[in-house]
Each structure stands twice: as C-alpha cells, then as structure tokens.
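Listed after this line are the structures, all set down as structure tokens.
You will see two complexes here that share chain A, one where it goes with chain B and one where it goes with chain C.
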Partner chain A sequence: MVVSDGHASARRRRQAGGQRGAQPAGTSPIAGYFFVAFYVVLLLALGIAPAVYAIALALSTSGGLGVSHFVNTFNFFLFLPAFEHIATFEGIWLASQTVFVVILALMVHTLKPRVSAAFRLVFYLPGAMAGSASAIIWLFMFTPSGSPWAFILHAFHYQVLSNTVQPGNLPIVFAIMAFFTGAGGWIVIMYGALNNIPDELIEAAEIDGSSALQTAVRIKLPLIRKWIVYMLVLSFAAGSQLFVEPNILGVATNGEVPAQWSPNQLAYYLAFQQDSFNNAAAVSVDLLVIGLLVAVLLVWRGRLFEVE
Partner chain B sequence: MLARRYAYRVIGLLVLLVFVAFFAVPMLWLVLAPTKTDYQLANQSPFAFGSLGTFVHTFNRVINYQGQLMLGWLKNSAIYSFGGTSLALLAAIPAGYGLALTQFIGRRALLAITLVVMIMPATALVMPLFLEAAAVHLVGTVWSVMLPFAFFPFGVYLAYIYFSSTIPRDLLAAARIDGAGEWGVFRHVALPLARPIVALVAFFAFVGDWTNYFLPFVMTSPSGATVTMGLQILIGSAPVFSPTASGYSGSEIYRPDLAMATLIAALPILIIFLFAQRTLVKGMLAGATKG
Partner chain C sequence: MKLRRTRHRGLRTALVTCTAIGIGGATVAATGVATAGAKGSSKPLIVWIDTARVPYEKAYMAANPHANIKWVLYNGNENGTGILQSKFALWNRTGWPSDAPDVMFDSQNYDAVQLGSAPYNDLLNLKSYVPKSVLGKFAGTSMKAGCTTPSGQVICLRNDSAAEVLWVNPTLYKQFFGSAPIPTTWSAFLADGTALNTAHPGYVIGSVGDGFSVDDYFLWANECPLDQVIGKGKIEINPGSANCTGITNLMDSSGDVGKSLSDSSIFGIPGGPQKIVMAVGALWEGTAVFQTGAANGVPNGTMVAYPAPTATNGAAVTGDLGGGLWLVSKHAPNPKAAAALAQFMATSPKVQKVGVDAGLPQYVPDQATYLSSLSSVFGDPTQTEAAWKQAAAQVWDGWSPVPWSTDNVWASTDLSAITASPPASMTAQLVTYATALANQARLAGYTVESPNKSIASGS
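What follows is the complex of A and B.
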C-alpha cells in the first residue's frame, strides 16, 4: 500500500515557496496532542506496557536479569514441536492462499460484473465464520460419517475424525480452516485493486496482441504486488497466533490434538497449568520477536507503508 | 488456436467451480444441518432438507439449553464488542485525524510505532495483559476485555490514510479563517466527511471483537463467557465428540444443535458481511488509489 501522504506534498509545496518548516495555516501543536491523546494512553497501557512487562518477566530470574527462562523453555520437550507445527502450517497456508487468492481474483476479474459479483460473494461470506465457528464447521466436514466430503476422506481410507486429524495432517487441516475464512476477503480486495487498473492499459496490451494470460501475468500481477505483500504480512501475524482451532479440535478429539500444539497454546499451558508466567512470557516474547522480524522484513522488502 | 482458447476457458471454469464448492458446501451444510434430527444427519445425504419444524425445535433446544446459557453468551459478546468498538472509534478516528492533518513533535514517531504494533502478533500480548489486568484487579470484569479491544492501531492507520488522502486541506483552512477552533474544524468539517472511514473501522473492530476467542478465554470467568467460548463448551457437552459428556441426562448436545449454535453465533457477523462488502473494498483501497 503506497500511501500518498498529504504532509509530504504540503511540505514540498511549502519548500518550493521558501517557507521551510512552516506550520499549516492555523494548526497548533496542542491540537495535535489533544486528538491523539486517548489513543496514546491506550497505546502505552495496552500495547507498550504489556510488551515491556513480558520482556521484563521473561528476563527476570532469581539471580537478577538473565536468559534462563528462554533456555528453559527452549529445552522444554514441547517447545520445538510447537514452533515446527506453526512453521509448517504457515508455510502451507501462506503459499496456498497467495497462489489461490491471486489466481481466483484474476479469474473473477475476467468475468462479467454481475457474474463475478456472485462468485465474490460465495468466496467472501465464509469470512463471517472466523474463529470457533469455522473450527466447528470443519470438525463436521472432516468427520467421514455424514460429511459432504466423505468421498474424498474415504479415498484416503479415513473412517473416523481422528483419522483425518492425525498429527501429520494437522498443519493442512488448520490451513484449510484458515483459507476457508481468510481467502474470500482478500479475493474481494484484490479484485478491487484490479478494478483500479486503468482500462486503457489493459486495452493497449490487448491491441499489442497480448493474450489474457499474458495480460494477467505481465500487466495485472505487478500492479497488485503490494497488495500481495500486504496480505502476507497480515496473514503471517494472524497465523502465528493460532489458538482456537487446535484448542477446539483438542476438545473434540479427547486430547488427540495436544493442548500444546501451537506456541500460543504452549504459552497458555505454561502460564495456567504449570503456573510459570516467566516461562510463558518467554514464549510470548519469542513469538513477538519472530512476528516483528518477519513483518519488518516483508514491509521493508515489499516497500510497503511508504508513508512519508 | 481457437480450440486451445476454448480448452483454457473450460479449465478455468472448472477451477472456479471447484473453489465455489469448497466455499459454498460447508455454508450450505450448516444451514441444512439444523433442519434434521441427529439420526437423519448421520444417515441422510448431507444436502437433504429435513423439516422447518425440526429447525425451529433445534433452535429452541439451543436457546433453552441449561437455563438459556446461549442468551447469556450472546449478551456478553454484544457488550464486549459494542463497548470495545465504540471505544476503539473514540480513540482511532481523532488519532487518525491528528496524525494526518495536524503537526506536533513526535507525530512521525507515533505513526511508525502504530505501524509496528499494527502488525505485531496481538495475542502474544494476551498473557502479559492478563497479569497487568490482575495487578489492577480488572480480571473477570468487562473492562478486562473491552479495554484491550479499544486499542486498535489498524483502525488508527486506516483513519490516517483516509484523512490524509481524501480531506482537502484548503477546506479545513477555510473553516479556521471563518473562526472555527481546532475542535470545531474536526467536529463540523472533518467528521461529517469521515462517515465511510468510521463505518470501515467499526466493521473491522466489531468483526475482530465478536470473533475473538483467546482474550475473553483468558480474562473472563464462566459467567462472562462469550458466544465463541460457548461453542467450545457445547462441544464438550456433545457425546458424539466427547463421550464423557453422555453421563448427564438431558444436557447432551447433538450434532444439529451444534450446527444451530454455530449459525446463531455467526449470524450478526454474517448480516454485517452481507452489507459491508462494498464498504470494505472502497475503504481498503482508499489509500492505494493515489499511490
């Protein structure tokens, strides 16, 4: 998302006129502080303070500051599996979502507006099922008896739910759930971005003999690249927080899906079952650092948020 | 050449139809499941229609389950979501305006921090938030859920983009020359023009709050449970998934009940989704159109 920032252009105008550093007419700094005040209080109390608190908790040991909680949790036998699970899930989900969202948006964009509107609605509505609703729907979809997808499940010789949600399948199972609720919104947004491409550009390509496929790959795709990166950033952050889906599958399978499958579940387990908030904080900080690193990398490489 | 183009079209259509099935079949199943009894659900075709009478009966069973637990969950979800969304709007809209259209020291830093916390995995902070809430004795109160909901940096960012790209500065300057104070300019000039962004931020905040699971799960007591937590409680009472649940006579939840509960839980969001599609696209793209 390239944001054409009003301030930047205003500044250019002012500089051109020789009024470097002048305030926009009439605005006082106090007014600015007044407008952001409530948000800043919330930011400090509910964004910065808990992050600092988590870091302090994770670093405070009986002998002062140290990294023993990070070492302890790292060596805990459930730690690496939880991070492996989430990495596999993110890999499968982000790759398939990126490919399918882009393909579907490009395909829908070639249809007549009325037909494409119907397709978009079908893709987008499951987004309303985010969270536990989607987990329950797919619980039924993955149960071979009575599922509309029984023919596929039987092809894999799955007879009961626990066959479908066996450990090796879980990253795919959660990727399907996430794709079901997440993809439609992005297809709709990508479609909107494609609509913003000037018609003349597409027509010029067609006159030059470009096929529909070539136009899609060479003209349309580069123009929605920033949206794809934006989708990756927000999806990665959301995916790393997986909690409700494995939690519900755990309840539904009587613990066959372990209660520490994802890092967030592990943090919850450490805090409330093991009464170790320091270790839980260490896992939270690990998640936070990984999330921030990946986000910053994607934002930087994708040249997103060019605000000023 | 023509045959190849035709083949591409057919393949394209087939791919589209496979995805239509992927998205539509579960939704269709969800609406049809409560029209059937548990026996019918297990033995009839997944797409068979039971009867409207069974649908109403299932609805009543779910609503009246254990002293109308469902209504309590819905009420809690509504309180947290409406409260959280209102507070988020109160904070985000003026903040977006302030960041976009006023000058103050620290403005760029605040903008940068907002971008970082926006993409920060929020649930990683739930555990420290719990400890913070415990320290000020808020755990188990509505504030322990509503206040974290009020902090919505994504909304601030959306409002910032909107104000910086769509409100003409000259308009605000003219209002100032006419003698309007800073608050008056915001209240009487900028805010009336900001309806689309208020709707968009409210949409994202409300949907996020209603479907949030982890935060209320950690913060609330059983009486403060939300409808998303309620769904998990119901699974725990369904003998088909939790055999240990079959001991309590009369309190079992059957498969059609679970489908009905899921439908009820998602209904407010489904309705909002039906009306919000256009707003969503317009708002999300607002910042990109000028880029």
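What follows is the complex of A and C.
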C-alpha cells in the first residue's frame, strides 16, 4: 500500500522495520506458529493431500501413468459445453460485479458515516444467505406464478419457470444469483480498503481543485487496485467451482437444468453417478490448473504482493 | 534466550501430546462402540424406505413384532438425486460399511439395471433366492423390462404398477362433451382438447410441462423407439419412426400444446386438478394428481379410469410412469434373509394392500385385495379396476430401463422449447431429443443403432 509522508506513516515504518529484527517486548512468536500450524495441518489434510490424490488418480491408467483420462474426458460431449457455460457465467458475473462493487463502494465512501453504514448493511444482507438458501429464494423469484417481479418476467413472455431457466438464460440466471449474494461483502471490503487511504491525500486533491468524480477515478481507484485484483482472484476461483446453485435448480426443475451444467457438476456426475473416479479426477485437475493459472496471472499482472 | 527456548519446547511438547491423546482417544472410542454392537444380538437387517412406504413398515412390524430390522428413511432416490448411485460408488472404493442397506426401496424404475451392471455390480441376483413361480406372477413384462439385466440376472422385484390409463372426470366430461363416448384413439383424444382450446380455455386434457410428460405419456404409449435396448450394450434410437412421428404430428396439428395440454406441471395446473377434464396418466396419479378426497382436490368417487388410447399403430399398449423397485445388496451379510424380506415386501398381501397411495401391486395375486379397498375413492369401481388390471398387463416393454433418465434428457434439451410461446414443433424436437439421448447412450458405453446417420455415429 502507498505510504505517504506524515506522522502516522513514520510510526508504521518504524514498526515494520522493528518486526524484522528483535521481538518487541511482550509478544511471543509461539502464538504465530501455533495459529499457522493449525492452518498448515488443515491445508495439508484437506487441500494438498486430496489434490495430490486427484492428480494421482487422473494420471493412473491401466497401463501405468498416462493422460488417457484427460483425453477421454475432453472428448465427452458434456465436457466442452460445461466449460463454455462456466466461462460465459464468469465473464458476465465478474465484469458486472467488479463494475458495480467499485462504483457502489466509491459512492458509499462519500456519504456521511451513519448513512454510509446503513447502506453498507443493506448491501450486505443478501450475502447472509448461504448458497443453497439463496438458490431457493431465487427459484421463487424466477417462477412467474409466484414471483414479486412477475411483471418483469411477463415482459419477457415468461409464463412458467421452464421459460425463465431455458438453457440460453442460465449463465445470466446464475450471475444474478451470485452477484446478489457476493456483492455486499465485497462492497464492505472495498469500503475498508478506501478507508486505508490517508485523509491528507484526499484533502490535498480537493485543495488542488479535484471534483468528487476526479478524486474517485484518479486518486481512490488506483489505490484500491490491489483489492480489486484480490476480489477477482477469489471470485474467479469460487465461480469456476459453481455447484450448489445449478444443482438445486436442477433438482427443483426435475432436470431442466442439466445435472452436468458446470464442470464441477460434471466431475461429481462422473464420480458418483458413473462410478468413474479417474475421469472425475481428470476434470477436477483441469479446473485446478485453470484456477491456478488465472490466479498467477492476476497476482503477477496486478502486482498483488508488491509493497510500494 | 535459553529460558525462552525451554519454555517454547515445553509448550510445543504439550501441544503434540494433547493432539496425540485426542486422536488416540477418538479411535478407541470408535472401536469400542463398534465392538459393542457386534457383541450384541445378531446384526439387524437394514432396510431403506421412502416416506410413502412407511405404511408398509408399520404393516410388517404389526405382523412380525419381533423382527430384527432397522428401518431407515431416505428420499427413495427420487428425481435423479442419485443417492444410491453416489453411495454405492463411494462404498465400492472405501469398502461397504456395516450400516449399508441390505434391502432398499427405489422409486426410480430405471435404476436397477445400472446398479446391477458394470461398473457398479452391487445388486444380488435374486434368481437363486426367489422361486420361479413367484417371479412369474408379476404383471405383464414388468420383470423382464425393469428387473432383468441383459445377461439374465434378476436384480430387483417390482413393487407397484405405474401403468397408464385415461383418467376421466365424468362430471366435467358430460358438461363439455355431453353423451359422446370416451375417446379410444389419440386423434379423438387430442380433438377433444382442440375443442376445449377455444370453447373452454383453462380446462386441460393433460400436461407437457414436466420432463416426463412427453416421453412417458405420449412416446412410450405409442411404441416410439427412442429407448429400445436391442441387445447387450446396443440401443435403437430412431426419431424418424412412424411410431414417433405419428403421435407428434397429431400433437402439433391439434394445437393443444400450451393450451389444453398445459405448460404447467401436471401437479400444478393453474386452477387446480378440478380443471382437468381427462388426462392420460399413471395409476397412482388418481390420488396424487387429482388430490382425490383432499380439500383442494377432486371429491371422492369422481375420477374413473378408462383404458388409455390405442397406439397410433393400432397396438394395445400403454406407457408407464414410475413404479418402485425392491433392491437387495450383493454385499448383504445375510443374503438369504434380505432376499426373503424383499420378496415378502413385494408379494405379501398384508403389505401390498396398505393404503390407496401405495399403488396397485405389480404382483398379480395381490391385486384383487388391493382393488377392493378402492371402491370409495374412485367412481365406477368396476370400470376403474378393470382398466387398471388391463393397463398393468399392457405396458410396452420397448422403453428399456437404462442408466440415464430419458425424462431428465427431455427436460434439459426440449422442455423449454415446448413451453415457450409459441411452442416449438414436437416433431422437430424429436431429432434434438434423439441426438441428446444418443450422446448419453454413448457416454454410458452403449452402441447406438439408427437409420439417422448422425444420431448413430454422433458426428
């Protein structure tokens, strides 16, 4: 983060320098190791070990190590459509989430504190529903006969639920669901990031004649760039693993949303409905590789871990 | 410095010891519980049933109060949730636990063949446990169609018949059609719907709004070969067959799709089941769809079952929508007892006659007792019973149980086109449907035979 000249920043620099040398009195490194140890154990047991197992399963064929499972799954007629679906969904969702979250966070930041807090609460509330609960609520919203937004659905000539969740609409349907659940939390985080910007900087800009819009675009936006990248990395990963919403919609519509719509669903289907764990592992490893590549790209180009 | 290191080492050691004790204790506790169970009386039979079979459980326990059986409620594997498939897949990898079910009720009549064949192979071959005489007394070709693998193993027992009849509300029918005879052909049936479209909109003769509507009510009942297994691992999918296009052309030209064949699910017709003049539907729909006797439903003594319309090719067959199965696990510790229990549940009149909702027993000798309990529920009991028994014996066996759900494929491929306004052509949807079915067949390792080259080869 940018550290400008000032008393607060000087104190911060002294503390940062101090932690790399002798321990300040009263702190113990054992606490840090303790907490990190818990995390490392869980990471190994629930993150690294299953990933290694999946990679091993995906690469073990009847003739030793090989990529035949990757080739076979790539040729499944469900494979490319699933990745197309998730790519479309991610494109629509990430673009709209980034734009709206940044704009709303910037606007909320300019409001008086109490008004700002009220708005942040309102934005945050939909996020209180976990994936499955929000899927049920949206199911109700998307059913023309029961939805309070029926007039919007009727304007599209949707009379029954199967009209709303027709195949072409699904990426948009899931993007809407994901946006409403996730946007609020990210607005709160962006607001926190904006609060990190020293007031002196903003005052200096205003003294120099910058309007609210120019302050937002030229001063605040570049300073929260890393947070935007952070949001993109986490959202991309979460979105690529979409499972709960299409699964619930699939069960509720009796199969109209196919049980293999997203790649994660495809992997689950291959493992648990076809008893074909090697193929499922191959699809999972594909997802892992894509997620890692995008994360590396975003971290590198977004300079997420650089300290200026 | 030295002092600090010792303190840290002490703390670290303490942490490690605590974790070790914790893990050790948990393991001991788990083993202790397991051993205690084994030391007790012999292991109970574990039976998985769904909510609709709870009256069966009560009837069984009333007849055998000291039976050593553990009844577990689950969702009956309904609606493609694939509970049994996912559990079996997991247990095939990790080993079957002691609380795995020995006997299961499955509400999906296409499950047995998948679970009893590779790669699952988890169902017991009942041929050596259930007498041939008993196996031969199930209605029509139901055992051959749903419970016999291509290699000849008998891997389930049919519970209830879900054959299709023509449900008629005689009050409404007389009101709209006077003394005209009940339709016996599909063209007459659809023509009645066309009359309703303009004269009495809102009244329906059925639905196309569910995934199962078109394939189970219309295509199956007309011997349309879109799901016909013709040999081991070979399936015929021919959307161009006259048996398929015959009925779809009739549906398109009648103009009923979206009007008197409602867009909504048959369970959710706008205005309630009182808007259904007549509908082709399964036996169990008499209570489930029409809510017979319930506050929002059709009053007791109204609905009458007539034989479903004759197929467009003249064959006296009907379709099927459901009908549960009794499965026995190959990994049951006591296969003889498990098979005996499954046989009892499927064939004993004490169990099979319980409650109207349970459905007509597929086991023919039980049908009479069951039917006699219905006289207060439906109108014209003689006609209804005769239509039921006839239908149960006339289900076309050419719509084979396969490891994919033909209903779900229709739902994900064609349903939205059919429920759009205006609806797409049903005949045109046949090819889209057939292509999707062929892809699913190839995914499951079947070879597809079809005069349509692109469907047969998948290119």
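Operating definition for what follows: the second predicted complex is superposed on the first by the 261 of 308 C-alpha atoms of A that agree within 3 Å, B and C clash if a C-alpha of one lies under 4 Å from a C-alpha of the other, contacts with A are read in each partner's own complex, and residues count from 1 in each chain.
Just so we're on the same page, contacts are C-beta pairs under 8 Å (C-beta built on N, C-alpha and C of every residue); 3 or more make two chains touch, one makes a residue touch a chain.
All values reported here derive from a predicted model rather than from experimental measurement.
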Open item on the list: Looking at A:277 after the superposition, I want to know if it touches chain B, chain C, both of them or none. Which is it: first, second, both, neither?
Closed with: both
Task: Partner chain(s) touched by A:66 [first = chain B, second = chain C, both, neither] - done: neither
- [ ] In the overlay, answer first, second, both or neither for which of chain B and chain C A:259 touches.
- [x] second
Open item on the list: Quick check on the superposed pair: does A:35 touch chain B, chain C, both, or neither? Answer first, second, both or neither.
Closed with: first
Open item on the list: If we overlay the two complexes on their shared chain A, which of chain B and chain C does A:91 touch? Say first, second, both or neither.
Closed with: neither
- [ ] Would you check which partner chain A:129 touches, where first means chain B only, second means chain C only, and both and neither mean what they say?
- [x] first
Task: chain A residues touched - chain C or chain B, whichever exceeds - done: B
- [ ] Could you say whether A:49 touches chain B, chain C, both of them, or neither, answering first, second, both or neither?
- [x] first
TODO: Have a look at where A:76 lands relative to chain B and chain C in the superposition and call it first, second, both or neither.
DONE: second
Open item on the list: With both complexes superposed on chain A, which partner does A:159 reach: first (chain B), second (chain C), both or neither?
Closed with: second
TODO: Touching chain B in one complex and chain C in the other: list those residues of chain A.
DONE: 30, 34, 145, 251, 253-254, 271, 277
TODO: Enumerate the contact residues on chain A facing chain B in the complex.
DONE: 1-7, 10, 23-36, 38-40, 42-43, 45-47, 49-51, 53-54, 57, 100, 103-104, 107-108, 119-133, 136-141, 145-150, 161, 180, 184-185, 188-189, 191-193, 196, 212-213, 226-227, 233-234, 237-238, 240-241, 243-244, 247-248, 251-254, 264, 267-268, 271, 277, 280-281, 284-285, 287-288, 291-292, 295-296, 299, 305-308
TODO: Report the residues of chain A in contact with chain C in the complex, numbered from low to high.
DONE: 30, 34, 76-78, 145, 157, 159-160, 162-163, 165-167, 250-251, 253-259, 271-277
Task: Complex contact set, residues of chain C against chain A - done: 8, 11-12, 15, 79-82, 85-86, 88-90, 92-93, 119-120, 209-212, 263-264, 270, 403, 405, 407-412, 415-417, 419-421, 439, 442-444, 458
Open item on the list: Help me check something: in the complex, which residues belonging to chain B touch chain A?
Closed with: 8, 12, 15-16, 19-20, 22-27, 29-30, 33, 41-42, 46-47, 90-92, 94-95, 97-105, 107-108, 110-111, 113-117, 119-125, 127-132, 147-148, 150-151, 153, 156, 161, 164-165, 169, 173, 176-177, 182-183, 186, 207, 211-214, 218, 228-229, 231-232, 235-236, 241-244, 255, 258-259, 262, 265-266, 269-270, 272-274, 277, 280-282, 284-285, 287-291
